[in-house]
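Please find one structure pasted underneath; my questions will follow.
Going by the order they are written in, the chains are A, B, C and D; count residues from 1 in each one.
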Amino acid sequence: MKLEYTAEHQAFREEVRSWLKANVPAEPLKSFDTEEGFQQHREWEAKLYEGRWGMITWPEEMGGRGADLLQWLIFEEEYYAASAPLRVNQNGIFLLGPTLMEYGTEEQKKRFLNGMATGKDIWCQGWSEPNAGSDMAAIRSRADLSEDGSHYIINGQKTWSTRAVWADWCFGMFRTDPESERHRGLTFILVPLDSEGITVRPIPQLDGLPGFAEIFFDNVKVPVDCRLGGEGEGWSVAMATAGFERGLMLRSPARFQETAKRLVELYKANQETADEDPSIREAVLRAYMDAEAYCLTTYQTACRLMQGGKIGAEASTNKIFWSELDQQMHATALKILETRGELLPESPDAGDVGRWLDGWLFAQSGPIYAGTNEIQRNIIAERMLGMPRK
Amino acid sequence: MDFTFSEDQLLFQESVRDFLVNEITPDKIRQLWETDSGRSDELWQQLAEMGLTGLTVPEDFGGLGMNELDFVLLAQEAGYVALSEPLVNSVLVATPLLSECGNSAIAEQWLPKIASGEARAVVGLAVNKLVEDAHCADLLLLEKGGAIYAVEAANASLRANESVDPGRKLFAVDFDPAAAVCLAEGGAAQALINKALNRGALGVAAQSLGLAQRMIDLSVRYTSERKQFGVAIGSFQAVKHHMANIAYKLEYAKTPVYRAAYDIANDTPRADLSVSHAKLAACEVADLAAKNSIQVHGAMGYTWEVDLHIFMKRAWALNSSYGTAGFHKNRVAAVLLADNAALGAGATF
Amino acid sequence: MKLEYTAEHQAFREEVRSWLKANVPAEPLKSFDTEEGFQQHREWEAKLYEGRWGMITWPEEMGGRGADLLQWLIFEEEYYAASAPLRVNQNGIFLLGPTLMEYGTEEQKKRFLNGMATGKDIWCQGWSEPNAGSDMAAIRSRADLSEDGSHYIINGQKTWSTRAVWADWCFGMFRTDPESERHRGLTFILVPLDSEGITVRPIPQLDGLPGFAEIFFDNVKVPVDCRLGGEGEGWSVAMATAGFERGLMLRSPARFQETAKRLVELYKANQETADEDPSIREAVLRAYMDAEAYCLTTYQTACRLMQGGKIGAEASTNKIFWSELDQQMHATALKILETRGELLPESPDAGDVGRWLDGWLFAQSGPIYAGTNEIQRNIIAERMLGMPRK
Amino acid sequence: MDFTFSEDQLLFQESVRDFLVNEITPDKIRQLWETDSGRSDELWQQLAEMGLTGLTVPEDFGGLGMNELDFVLLAQEAGYVALSEPLVNSVLVATPLLSECGNSAIAEQWLPKIASGEARAVVGLAVNKLVEDAHCADLLLLEKGGAIYAVEAANASLRANESVDPGRKLFAVDFDPAAAVCLAEGGAAQALINKALNRGALGVAAQSLGLAQRMIDLSVRYTSERKQFGVAIGSFQAVKHHMANIAYKLEYAKTPVYRAAYDIANDTPRADLSVSHAKLAACEVADLAAKNSIQVHGAMGYTWEVDLHIFMKRAWALNSSYGTAGFHKNRVAAVLLADNAALGAGATF
């Protein structure tokens, strides 16, 4: 065990920091759940790509830096500390990208990875269906191979597709064997969202913005070379993606540590009134420690993976921990803000409310998406502890 | 000793509930969100016709001459439908303040109009910083520098703020004391302000009970219909226990709220304590109801389309209204930690 | 609604108070989980009976006072405020007593109620069996009617029988129809514990004392007139008992209000160190309010019952509420006591620890016995909220 | 940057675990409860032979010359079996204190005997009020009036206290400073005392991790075997979630404990903070493990007969040892609320 950064790490951190200092927009971008903000974020992705900071863990030949997980964590720390924009293409670069590298043909890699990296193609995912939320194996949307074998004809409906409203491509699973059940007979297919027969219906989220959408497929033709992996092998391809999703990449400790830091500052600035409610001080201390613990455990996992270990139940323990932490921190901030906590930040009398309310609304999704925390607890009990399934 | 409501009180609750549930549907709420004022004169007139706007107006002024205890169950029903019209604050805060302020000219001028639904009065206390529904008020009763003023709408300038709850309308209000009537100053004002705060907190508490109940009802229905893994998700023990946790805590938030209503109506010495307990317990259960309800709704609960958020946001927004949790905990602590505090068995009533 | 005591109530309170003041032993009795303490408590029951305070809700002709529920609550308030001894015969007077009055023959009432009231016969219950804890319908112990119909022959085993070690009688359910399943074919029988064939094996509880026991029945002969209610009707008789058990009688608000009071006092006496941990002040405030709320809801229920209402889901909501409150209060007290919290009160350096540790150990049983809190939550969800059973 | 243990450290943990699990069975623990001292010389000798008693004794004095980081996993295993021999405090607190106290005569006299298992040393800090295992110590290192004294057993008078945990032996200790060696006073003593407190707290934290794991293991086994309503109770979602809640929190208590061990071993400036975080997190998860484990054990968990209580009681008893939660929260708060506190992303290491 050695809990110190190497000189190389320090130098890398400096490099990230100075690039971000020079490039992070002074004015925060608009929400990428608005059309204008989406465009702004797409441009930011392009700028990141130019600096080779778009996906540093990708190989150099794909525009990355072949960074290891520790460098990734350092990058993220600097990224969040600099309040750099959120990643509008996170589904592409973090989920589909690594999956493509593992399962894609050479041609597919060439075709898709660059557009993804540059922000030209923004990807959304097509996992859930109206009756297949936590139960992904209940997918019913069909992809039928044409008689000549040249394309699939897709029919059905996907839902909860984040940022699908202005995205360019969708990746997801479709049932290619109509006789099949559960996780057999599913195929992983990449679909251009401007295809004929596609209707995207925005779903307004808690803040009223169309953060996700339903996607309807009505005889949508997709060339067979848009299939990732073999026909009927969608489940194992998807599981690789889900593994990444639930892993550490999307839930950087840095994000929660910066929130904890802002919470401590908010508490200090309002300590006199906040201390009327002893649960606030308690919650602030806990938030700081939990964010630290999340960072420590992530570093431990990263080191373990770098030494050849595999992701185990961390996917589920992490999910519960960060999502509850995030909710808790935002709830505490709103308490500290007292009556101004309910105000939208643009309100003239909102004062120092910052983005806490937005963050609070967003934090509501944490315990729900990517497998509810109830599902995660089942997984921990059954797979990690070996408790009886039925 | 009788800790039950009268037949009459329960019947009144029932008829108000029937009216509200039929009129203030989620669809109607969404329609009102789209209007400029967010308020409906027609609805206000209907509430007036039922006697509600004049519930606490003395009979001499055309009201029903009832008290806070008569109204508490109705405030609960107002919470159940997330009513946005300023009824609860009008009945519980503005009307009693007008009645008790000692300025009979003002009382005589406004109370009959409030009872008839012709006029609306709102109260702005410093503790709330902003004033709810100032835009649709004819009369504003405003705390400023420790005094209370009656300000006619024309003499108040409003600056609109937006709440997370589209049904709430909040305003910073400015006025020239020279163009207003000072109703009370000094100790008299402090006493009135404290009573207004208690009544407002009671209103928040009662509405929170209704909100919690509504979120339970929505969630039970949703989870009984929604299937995953081949069964209704409401049959999963984790989902059941999320709901049971709200339900059992709600039972222990109701009685403190009812006691607080009784204590205010009867002006008992323990009213501050009762109110603080009531508000803490009721807001906490509404908070829990929001948390657990969105969780069992899954992604649906995170949307604008499903009705749950109407009630969640109201619960969140009311939480700090009329005194934060910290304020009320401090009031409880002051009693508990006082020398010779009367605590323990037998000290409750 | 009228939240004031009548002059009559006040007078009654005074009467209780002065009797207790004159009669409650100056020295606390020993634990009734010891043989000596059991005997002391038996004597206390006799003294209560002499003063007609043993079971004030019983009719006057049975040694009670025909008190209503409000008087009962007032009595309990004074009883706990006076730190009067715990009731060693609570299973008899609170559970079996009312059941006997409802289901017993005149002869049975005459025979059993007086001995119960005077403390001559201490009763324990025989509900649970090794494989029928929360699932009472899984009872297997058998009672076979003799050929001549004069007596039952009981075989089997009961467990978790509180205070059975020194008790005189046991009441419980036995399977009289060997072909029957679940809650059919069960019969409610009263069994003298000195019968031949009975073995009582003490079970030491967390504090090491034999607070409960297993009871083994080996061809135990019990006269048929010890049957309460009809043969095969045990379930409905028992349910009446369970209703009382889970009702308010055994869990007086007074008990928790006195604990809350002591907790506030402990906090005040140690405030400087206690305030280092903000969760302590929070917990103390909460304890007081929750104990108040428990009192308020109990008064509401009592008033409702007196006006002809029926006990509904209160049984389950109460159970969860008081048991969690009790645990919480004791946990907080031990935190306030810091390092001396772990010491047995007789220890020379225990200082002001009082009975908090004993209370903490006892509080562990609250969420478990008489139907675990998980079972209660199921009941609330299914019966009160109407959620789907499966 | 490497947040993993070495092969050697993991192998040592494994062999110690095997030994402890085989030797310190619940039956053995119950036997020891029945003895006067509650301690076993034979067991101590076995621990010595494995090198454990001398683990932190410098090699020059016959020890292994290892540090707190080498020991933390072993302390966790000691917690797993609820070891009552004073190993953890000897290795983590007494030995380093002797090594660092600056009195080489005392160190030379005692350290070899500690390494060989011939002698036992215990430490009594004011924060703990009572001294653990004073009855089986040959040497007592005692804080008194801000100074630290080395007291031979013959010069100490003990008054026994009883803990809820029959495996813990606690004593009020009196001694005449004139018949003792003063090891340090003033600032030097304060520094030693703070280090001893940190090391003791680390020991408590590490043991708490092991205790939590043991309670999970016992509960998972019990609920997998025990049937109700025709199925193993471990198949109920409520039971699963009780266990999952311990398990996921345990993962986030381990790394703070390991960091604390590293920070003490490397004497980093953040050691106070790391230790306080570690102890808070680990004690909290052990507390939760006790609460949820007794619940899923049902009435069985409430008995003396089932093994669970051995571990529950140890967890409860250790909770306030080497600084209460309040003490450690205060230390964390002092860092967080300081001007220019280094917080946020990138500030951890």
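Convention: a contact is a pair of C-beta atoms (placed from the backbone, for glycine too) under 8 Å apart; a residue touches a chain by one contact, two chains touch by 3 or more.
This one's a predicted model, so the numbers in the text were calculated from it and none came from an experiment.
Taking each chain's centre as the mean of its CA atoms, D is the chain most distant from chain B. Set side by side, A-B and A-D show the greater C-beta contact count at A-D. One simple way to say how far apart two chains are is to compare their mean CA positions; for chain B and chain C this gives 40 Å. Distance between chain B and chain D, defined via averaged C-alpha coordinates, is recorded as 52 Å.
Multi-chain contact residues, meaning those touching two or more other chains, occur in chain C at positions 278-282, 285, 374, 377. For chain B, the set of residues that touch two or more other chains comprises 236-239, 241, 329. Across the complex, chain B meets chain D through its residues 236-238, 241.
Interface of chain A with chain B (complex): residues 128, 131, 133-135, 138, 159-160, 203-206, 208, 273-280, 327, 334-335, 338-344, 346-350, 357, 361, 364-365, 367-369, 372-374, 377.
Interface residues of chain A, counted against chain D in their complex, comprise 1-6, 9, 13, 70, 74, 76-78, 80-81, 252-255, 257-258, 260-261, 264, 268, 271, 281-282, 284-285, 288-290, 292-297, 299-300, 302-304, 307, 314, 316-317, 320-321, 374, 376-378, 380-382, 384-390. Residue ranges of chain C in contact with chain A, taken from their complex: 278-282, 285.
Considering their complex, residues 1-6, 69, 216, 220, 223-224, 231-232, 234-235, 237, 239-241, 243-245, 247-249, 251-256, 258-259, 262-263, 266, 277, 280-281, 329, 332-333, 336-337, 341, 343-349 of chain D touch chain A.
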